[in-house]
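What follows is a single structure, written as structure tokens, with notes after it.
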């Protein structure tokens, strides 16, 4: 089956620093791929390239078979790639509805905001994730971590995402909310989304992901199906893995 | 404390000041009220521009000089026709705003320092070009705009109200407004949401300078003279009014309504001090102290909010 | 990502940083000045340049210290004015009062610095607006106190005359004071624990706090220093004249800021060297001097200074972001 996302030979340099040295990654529809690695391994850089924050220094990205160039996060969104950042990327002074529709506000024919409509849609979308959430008009600053997460996730899911990137989704959550996120990820997978999960939590990875890809020092050092490996082996790859040759090994 | 009460009685204590003012002899004289109206009008235009910039987490110290530049430009071009005078002055303002925007949004220089440097450059520049001499030119229409009234309300005040209304509507009902608040609140989040951050920033500086230019033209029209030395204290007075009205130096906060209350307070304060014949220098002490107090409070609020 | 990669590109830049590019600029400016005006090298003019540079330079040194600590002090212009007026008004002509004419303005400058420091470092207010507010306040205060008029004195004591016209090793007294203060500031910043604290505070406040540095105390002292330096400058200005227009000595904070930034002090704090500020102050003074010699009005000099500040900030911030 053709992958939703094909990244080939992606490299990224910042001045003299080679953050990514030529990596490949595939994401298929209906699968959860976990990206593992220590800090500085290059995971967040890859995520930022896929979500359009910056362009790669080298390499190609294909979305559903077609080559794609993302000049900005808006382009990535247009390609149906939604990202939930670890810091959630919410503007504290705006309310839930304002953040939900940030950058893609609904306007009438004269260009004025359709506030009520946005409030209603946002409320409904968030409610589906977190039934206790009702305050779409309170500034995000006054909301709890779990509520903020709900907004970020609902926002990503609502806009017809086909690829979802989640950066350390359960980092700031308690066990109950973590379980909820896990359920959501399973539901979305069943709906046919391709999910890229960035994490350093091996439990979470093995509980949720179909495949694991390990990065180290800006290179891909290993990959496996979670059903065919175990935590120790993966840990070993993270600590001592050797770079794999690119291209052929992408679909492990 | 219900917000409206707070707005009128506490921060700033506008209503109490109004009550005090009503006891000052001469306050309700027609001449004084018109004068107050004109003052408030000019500041209203300028403060509105500053508040928009502050919402986007910026600042502009150069607004006073832009007023001078616009006034001189207008009066220099007026002999060749009023539309040209207006257009030229507003374009000059836009150019200043573009420069500010370039320094701040593209070269990423601290907005205070960048606009401070602009302030000095422009002041030097306009003093040089005019050889420190004001440009006088009398045009009856221009003078009528600057000093005239319609149904007792100064025309400048009507212009100011129109400007404030337009900006208020834009901030609250257009995506642009939300984008500014988001940008001021968290620039990274705004960028990740796909907002064109640099364009937004440059835009607010251009808007602010154009509004300052408009105020400068109206001021020049009132006295039929374009003076290169006006606006010495404008930036700080506007800052005081903006801060009083709820705008913050961190960004993401502020409103036209708040700005209106803030500038009414400052305007009333100055008016009362003038009526009581308090010398100008003492007024400076008062405004300076007020500004320090406001900045301290701004810092405390920011810390309390965890920013 | 090995450290070897991180340092490779930096070595050449670091060598340049050691010297401070401002000294090269100074050399170039000196050459340009001698070429542009044949009056530049006349002894009278040199003394004039050094003297002007000293007055602003003292203020710039204080500004550098505050910048390194991560803040701005834009009230110094008014402090200079205040100290100058106080000094003249108290009356350097009565022998007994000479000391008072020097000590009191110094204390006043320090007091202003103390208030600034407490407001900015203590209450965490925005330093630019707070010190501009203080500037406003002092400006009004001084002019209110003298009723907007010029101030005069009848004569000076020997000490004052020595201060103004005296010289040490052939250099005018103000220049000697300036160089002395420059050495003092350099020693303070580079060789004392306090200096290291200020660099730390300016560089990373959180790290400094966790390292146990007393932020409020050290930060406030930087402002006290700045205020005192400005007062010294004001006293030196006053010592040269019998008759002073207060508004004529306002505005020193701008060239001082320009010099500090030109010399390499970062707007964000944590970087800067007093001796580089000396070079920068000379650059600015020479530039304005040449402009004056060429008959260009003060307004054009203002423009030039603004341009220099903008260019200096742009250059330094651009380079900083590159690394």
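Letters A, B and C mark the chains as written, and numbering starts fresh at 1 in each.
The working rule: a contact is a pair of C-beta atoms (placed from the backbone, for glycine too) under 8 Å apart; a residue touches a chain by one contact, two chains touch by 3 or more.
Keep in mind that this is a model prediction, so the values were computed, not measured.
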{"item": "Chain pair with more C-beta contacts, A-B versus B-C", "value": "B-C"}
{"item": "Chain at maximum distance from subunit B, centres defined as averaged CA atoms", "value": "A"}
{"item": "Chain whose Cα centroid lies nearest the overall Cα centroid", "value": "B"}
{"item": "Length of the line joining the C-alpha centres of subunit A and subunit C, rounded to whole Å", "value": "51"}
{"item": "Mean-CA-position distance for subunit C and subunit B (Å)", "value": "31"}
{"item": "Whole-Å gap between the CA centroids of subunit A and subunit B", "value": "43"}
{"item": "Complex contact set, residues of subunit B against subunit C", "value": "103, 107-110, 112-114, 116-128, 131-132, 233, 236, 239, 249, 279-292, 295-296, 298-300, 302-303"}
{"item": "Complex contacts: residues of subunit A adjacent to subunit B", "value": "51-53, 72-74, 77, 83, 85, 87, 89-94, 98-99, 102-105, 107, 111-113, 115, 141"}
{"item": "Partner subunit B, residues of subunit C touching it in the complex", "value": "72, 119, 123-126, 128-130, 132-141, 143-144, 148, 254, 257, 261, 267-268, 297-307, 309-310, 313-314, 317-318, 321"}
{"item": "Subunit B to subunit A touching residues, read off their complex", "value": "173-175, 178-179, 181-182, 184-186, 188-195, 252-253, 305"}
